[in-house]
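Everything below concerns the one structure shown next.
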Amino acid sequence: MSVIFAKSKGLTDQETHYCPGCTHGIIQRLVAEVLEELGLLGDTIGCAAVGCSILTYNYLNIDMIESAHGRAPAVATGAKRVHPNKTVFTYQGDGDLASIGTAEIVHVAHRGEKITTIFVNNAIYGMTGGQMAPTTLPGQKVTTAPGGRDVAHSGMPLKVSEMIAQIPGAVYVERVSVHNPRAVRHAKKAIRKGFEYQMAGKGFSLIEVLSTCPTGWGLSPVDSLTWLQENMIPYYPLGVFKTPEEAK
Amino acid sequence: MPKSLMKGNEALALAAIKGGCSHFFGYPITPQNEIPEFLARELPKAGGVFLQAESELAAINMVYGAAATGGRAMTSSSSPGIALMQEGMSSLAAAELPSVIVNVQRGGPGIGTIQPSQADYYQMTRGGGNGDYRILSFAPATVQEGAEMMMAAFDLADFYRTPVFIVSDGMLGQMMEPVEFPERPLRTLPEKSWAAVGHGGSRKPNTIKTLVLDPGLLEQKNLRLQEKFTRIAATESRFENYRTDEAELVLCAYGSTARIVKNSIDLLAEEGIKAGLIRPQTLWPFPSSAFQQLPPTCRTILTVEMSCGQMVDDVRLAVNGRLPVAFYGRSGGIIPVPEEIVAHIKVLLGRV
Amino acid sequence: MAELKGRVRIATNVCKGCGLCTVACPVDIMVFNGNSVNLKGYQPPTITEPAKCTGCGNCAQMCPDSALTVERFTSKKEDPACLKA
Amino acid sequence: MINERILCAGFGGQGVMSIGQLLAYAGMLEDKHVTWLPSYGPEMRGGTAYCSVVVSDKPVGSPIVTGNATCVIVMNLPSLLKFEASVKPGGLLLINSSLIDKPVDRQDIEVYGILANELAVKCGIPRAANMVMLGAYLALAGPVRIESIALAFKKVFGAKAERLLDPNIQALHLGAEAVTGLRQQSIAA
């Protein structure tokens, strides 16, 4: 008999505050598993952002720093510059990273900071109650765009991976998803690569993970997975946007 | 070490290195640019790290990240840049992260001017950040005093686990004066066992955070912070008295303005008018005790600032109605000259 | 009794009843049957036909709350009685 | 008792900031209290630049010398127009007459015109007109010794500038001689 799946030692015993079916839980578990498997739990400094991701520090069994809204990449920069040999990452949602923190994420990539960013894109502001995010899809109904996102009024959704991949200091950018088991297994590989490239001193890595917000979307958890697959992936195609080889 | 002739900004930068600064993060703004320029050149030679941030927001949060992981980090900026950093100040104070922030004040509000000002007194003592917090604020009046305050700042920050302000202005920053750097006073500093540096598998994870959703717990935290602020207020407030014995008028001024006021007092003395000066060296804690020891001859108080009247509030609180408190100020980047203050004082005292 | 390939254990009180595991299961043995409610008031899934479990781990991959533990049997000697525990 | 309050003004590149720094540095070397304060801002490059220097036996209060100057040194016409009124009664106004031919109206101050550019050319470094003006000031007011300026020169301009020390000192002397002659004339008159 072999245990093929058990809870990671990278996770604490604290139950998450996430709504049922929110895939934040899956993504954080993947981070925990990767750090555990790489033997990095004791040498990692995580930077949590504002939004649903803020309480990450209660769930991951590592030292963590809470960051003001949008500033996790700056906080991580400070930490990495003090501890160049430690593993430093940010865990940010789309409101945090793609709206209030766009300058910070662009410039952490621009400087080629040797950190890893886990970018959770669920196309909405979850924690504050379902407002429009820069990543909200055209026509998607949210509390601050009750008629659906009007692109003539609010612009098209921001494609963060495509944008960051253009920046020379970014060495690895991939968009993954967690809408089915296969996608989850692949997402873990991508997250692992992001940390391995950091350990190898390559530069900045960003892994964008398409995620669900059943509560904000007004869908059941299971229907949310389908919605992600049918609506988000066509606009946010999965794949690798930058590799260290291309960055050279 | 022999004396050097240095700009106030450069002396602050060198003093930061001598005070044990390990990391500087900042964003260019006049009139403080000599600080980052000096540190970009000299801090790496001393084994430290200089990094230019993309904004003041990023700079203060880099300081936050570095301080959270045990670094001795600082930033410097000028008024509008400090305004942008206020979110970070509140976070630093809440997370109790030792750090040093220099404000070389310029005229405001808004973008204002690059000329000297003291209109950030509220910003430095009340803060633009949210919540109940206080930040130890040193206000040097000479290049030498700035260097000494800066050399002590990092240790004080570590000792109290708190951010520390150095409040300068465009005049002090740009002027050159002789300065010497004494040995840094020894202070036993606590271990940073709270820092997020990786738990190494040997302890529970450290978390640096400011979010406390439970009102009861947040109130407890606030009360604990207030206890610390009370302790700082009791031990760190500083002021200088200048010719206050037998003064019929006591002036109150800090920083650059205090230098000018001293000239005014000397000019008045030549005419037989006895005036003195209380010069706060810390803006928070405000040296209220200085106003408990006023000479019996004192009839009135005059606060002079390069602002439209900010510190005067604290002077009124300290005097608490026992004597009239008047105000004279210039703003917009105008530095008052000794003679105009003398003229104002004569009117005030009915000696025209 | 058929040879057991895998086994899933559910930490029922951790479960939030989201059901992501139910659609991940390739043999459709994880279902909500309305028979139980946990301490938090959520309805954890029930494994209807344990013998069909292949030990693939898909259900655990999709669980946001790490409530599932999955074992796979490589030998006939494992005691299927444990399943009831 | 010394309490010199000097204002040096000219256009950017004329070295008014430098002579102010030399003076302050030399004062420091002689254990005097000194301050140097530049004008700063958009006018720094190209336009009018000026600095205030105080050399005193007692601690310096205000470092700003925009009024009540014991001496104003002007290197170009806009500076004269701006700062002529800043000289206190009985004070000195030193004018670079190579570039300024406007007569000065004030009768309550001592005014000296110095052909600074021409004298600088004589030393082989045309850019040393500022040093000529400084030399003139030292001769008239003398808060610090020329030897102290020479020591300060290395500190202010660095080791690389040391080869320029001798001609610069020569410029100081030429400036000093120029005004010594003028002062004797004015006394004789």
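Labels A, B, C and D are assigned to the chains in the order they are written; within every chain, residues are numbered from 1.
FYI, a contact is a pair of C-beta atoms (placed from the backbone, for glycine too) under 8 Å apart; a residue touches a chain by one contact, two chains touch by 3 or more.
Keep in mind the model is a prediction, meaning the values are calculated, not measured.
Trainee: Go through B-D and A-B and name the pair with more C-beta contacts between its chains.
Mentor: Per the contact counts, A-B leads.
Trainee: Roughly how many whole angstrom separate the Cα centroids of chain C and chain D?
Mentor: So the centre of chain C lies 90 Å away from the centre of chain D.
Trainee: Using mean CA coordinates as chain centres, what's the chain B-chain D distance in Å?
Mentor: Centre-to-centre distance between chain B and chain D: 35 Å.
Trainee: Would you kindly tell me how far, in whole Å, the mean C-alpha position of chain B lies from that of chain A?
Mentor: A distance of 39 Å separates the two centres.
Trainee: Between chain B and chain C, tell me the centre distance in angstrom, where each centre is the average of that chain's C-alpha atoms.
Mentor: Here the centre of chain C sits 62 Å away from the centre of chain B.
Trainee: Based on the touch definition given at the start, go ahead and assign the chain network to line, ring, star, complete or other.
Mentor: Topology of the interface graph: linear, an open chain of contacts.
Trainee: Could you run through all the chain pairs that touch each other?
Mentor: Going through each pair of chains, those in contact are A-B, A-C, B-D.
Trainee: For a test of understanding, state which residues of chain A touch chain B in their complex under the given definition.
Mentor: 12, 41-45, 47-48, 54-55, 57-58, 60-68, 70-71, 73-83, 86-87, 103-104, 106-107, 110-111
Trainee: Residues of chain B touching chain D in their complex?
Mentor: My answer: residues 3, 5, 30-31, 114-115, 170-171, 174-178, 259-263, 266, 335, 337-339.
Trainee: For the complex, give me every residue of chain C touching chain A.
Mentor: On the chain C side, the touching residues are 6, 14, 16-20, 22-24, 42, 55-58, 60-66, 68-75, 78.
Trainee: Quick check: in the complex, which residue numbers of chain B touch chain A?
Mentor: It comes out as residues 22-23, 25, 49, 51, 53-55, 57-59, 61-71, 73, 87-88, 91, 95, 196-202, 205-211.
Trainee: Which positions of chain D touch chain B when the two form their complex?
Mentor: 21, 24-25, 28, 33-38, 40-41, 59-64, 66-68, 155
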